[in-house]
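Paired with chain B in one complex and with chain C in the other, chain A is shared by the two complexes that follow.
So, the complex of A and B:
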């Protein structure tokens, strides 16, 4: 008995659990401070910089990296690429948790969570892009929840309810693609209102298209990245089918990511030409823009191509991680680095440690929820009692 | 930017460059395709 207790204690107090536990406790403490003392006590936000990392990272990056759900379900159910079916459930779960955490993070920034339904019920700002983003995120979170439910329904043994939800798969996938197209691009369109605040190299009339295309890149890369992490840490929960198809998935998604990244690189260059912004490239911001364009777009595009051509799965996986980092850099540049670029450095925004703490807390909460669900429900394996759908 | 004084001149200038870029892209695409899919049959 004492041996069992010691073994259980050992399995609970792993380095990951201890670090995650500390982060969660710290996050709950900052949450209490945020909702009792307000934004002034926990953030460095100001009238000049009303959006910090809770928007730049938690929302803009979170929504982009959660795009794997619609990308994978569209590939499998709409384009008929059934060989990638094993990736659907992990991608849908990542998307669902991603969007749920985006909504959670939004509450920290906006405050007064009980007023979250106000834009739909009390004060409908139907001419606002934020209304469209809010409506799409709310609807898409609901769609992702329904798309995710076959896994918990199989786990709970609710066969009839599961059969009903499975019949809705195609409708939900189409809804998901439409809603994602709308709000991924609208998040970029939010910056159209600030042409004088965003540096000309990042500001473009095409910014909604850039946001949408980068969301596809983020989705494809995130599925590869998350798949490799799952294989490394949750391999014991994977069935043969998932393990056998993981390399094929990396090759297929890597090939798609290579094409989309190449296309994105091309339209970014066209964007510079369309606004005649070539002369800005010789400035400090221009150097940083070139780092983003060549280091986080052209380089991963080439590495994906090389990985696919040479069948180098390891290179594809590392490139996926690098591309995910590139998406974070892009969203940070647009929402913070190149935003208010004309202000003196004393007026520029740098996040308060509590803002960073909440962002780390939210990412940790996502990881813990993902692990909790994957170790219990049929996400990385097919449930033996049910036909794959 | 020195020779650009009107919207007409600006549009002409930027569109000219975009057309040249599009031609470069159209030439590059088959090469990229060949590079990417070159070993698919092996």
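So, the complex of A and C:
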């Protein structure tokens, strides 16, 4: 009897669970402050800096890192790379949770979150790129939800409903790629309206294309990165097939990421040339821009190539993590570091600890939801009663 | 009915031309909105401003904004550079400049410039901003979600937000006293200005007035009307004796109206929505066909291999059968031969026995 209690206690109070529990409690506390005292009490936002990390990280980074869903399902179902099939479900799940959390985070950031349906129901501001982002994110969240449902339906044993959803796979995949192309690029296009505020090295008429291409890089890298984390912590939930194909997946996606990163490097240089911004490279912002371009674009492209050439899965995994960090750096640069570059440092933005607290809380909520679902539903293994689709 | 390819293409071309001619496309045209005719505006002559903050006080009063901690009569406030915020729709800033070598103070009033094509209105995803025919740009708090994209978009850094309101935060900005204009009154700040540094009138006429002043006093003014073309033009116009950048106003904004900056990206949306299904379904179909062909080729190869193997096996069996048949005949022949031999031998022996039985002479004869 006493042994049993000890065992249960051990399984619940793991270091991960304790840390996650503290973060969740802190998150709930900040949530209460945010919704009773307002944005002023919880953020360092100001009239000059209306967007902080709740947009720069939770929205911009969140959406980019959730791109694995459309990238993987397009690779498998449209481009016919069926050997990566085992990666589809975890990628769709990550995408679905990612977008759900982005929408959750928006509720913290906007002044009157209960009005979030207004752009669609009350007053449609179709000249705004934010309208397009909102419409596409709302639609894509629904698409991801439907794409995700086969797993819970198998878990619950609803065979007929599952059969209907599986038949929609192709249509949903194509719809998902269209919506992702549109809103991933539109998140970058949001900044097109402010050429006087974003540093010329980061402002470019190509910024929507940059955002779309980096979302592909983010998607590919996240699938590799998240795959290695799952293998480490959820290996017992993986079936033979999943474990067998994971190295092949890292090689294939690593090769694709190397190619796309190389193309992205090229179009970034073309962007500088097109606006003749070379002289800015000699400034402090220029140095930081070069760190981003060489440290987080050229370097991972090279490391991916090397990893694929030498069959070095370890290197590919580390490169994937580094590339994900690079995406964060890029989005932070555009939304915060290089934004308002013309203002004196006293008028610049640095996040309040409560803002960071909410962002960490939301990432933790995502991890907990991912683990909850993976330990229960057929995500990392195939359900024996069903044919793979 | 059958149509030739040429005819079909001709029809398609005609349909395309008709479609292009029949509509007035906005996104790709050269059309520019030059403002509502007879819209009103204010000309701010920076050279006439003395920094008395009377306009700030009047603005605060007519807009029923909370009274500030420091009175509007306190001019030391000017020592710090300020911007519009949730409590003030307008602020006056002072700048030290040296015109013709002599250091002097200039005072500049800052408020919403009421763009002809406002960035805030273009950026708002609930159409909370309206460009009114009287020239003012007004805000509707009843639909505002509070995303603050208008504040990102505004090149003049004007809209402010009530961050400390937990439940009903609003974007705050100058309305050019739109409600007062409708009552036939002047904007509060214009009415309060003791030096006529602010002049209210039709924008078109104000531009004439400004040009006249520059022509009459070329030493007093620099030859530029700020707001005539900046960001596509604004209803608030400025005259200055020193460069505008030395009075905290940006001269690098360009003349492109904000809406034009995003129209390309917005215009590509229907193109992506229209072409992506074709492209993606095409890629899918190509892959399906490749798979089909590969499967067929594989099946063919297997069939070929099988039939070849079958033929070989048939030949082998045939050979074996033939061999077996040959062996069999040989065995039969051998057996027959053996039987015949045995038979002959038996017969011989029988004959021999018969001869032995018939007489010894006979046998002797045989031996010789």
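Just so it is clear, the second predicted complex is superposed on the first by the 387 of 389 C-alpha atoms of A that agree within 3 Å, B and C clash if a C-alpha of one lies under 4 Å from a C-alpha of the other, contacts with A are read in each partner's own complex, and residues count from 1 in each chain.
Criterion: a contact is a pair of C-beta atoms (placed from the backbone, for glycine too) under 8 Å apart; a residue touches a chain by one contact, two chains touch by 3 or more.
Since the structure is predicted, the reported quantities are computational estimates derived from the model, not experimental observations.
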After superposition on the shared chain, which partner residues are touched by A:255: those of chain B (first), chain C (second), both, or neither? first
Does the superposition put A:273 against chain B (first), chain C (second), both, or neither? first
Looking at A:21 after the superposition, I want to know if it touches chain B, chain C, both of them or none. Which is it: first, second, both, neither? neither
One more residue to check, A:37. First (chain B), second (chain C), both or neither? second
Contact-wise, after the overlay, does A:295 reach chain B, chain C, both or neither (first, second, both, neither)? neither
Partner touching more residues of chain A, whether chain B or chain C: C
Regarding the shared-chain residue A:152, is it in contact with chain B (first), chain C (second), both, or neither? neither
Quick check on my understanding: which residues of chain A belong to both its chain B contact set and its chain C contact set? none
Could you please specify the touching residues of chain B with respect to chain A in the complex? 1, 4, 10, 13-14, 17-18, 21-22, 25, 32, 35-36, 38-39
Residues of chain C defined as touching chain A within the complex: 83-86, 119, 121-128, 143-149, 151-153, 155, 157, 159-169, 250, 252-254, 258-259, 261-262, 264-266, 268-269, 272-273, 276-277, 280-281, 283-284, 287-288, 290-291
With touch defined as at the start, can you tell me which chain A residues reach chain C in the complex? 35-41, 43, 45-48, 50-51, 74, 77-80, 109-113, 115-116, 118-119, 122-125, 127-132, 134, 170, 174, 177-178, 181-182, 185-186, 189-197, 205, 208, 342
Complex contacts: residues of chain A adjacent to chain B: 255, 258-259, 262, 266, 269-270, 273-276, 279, 305, 308-311
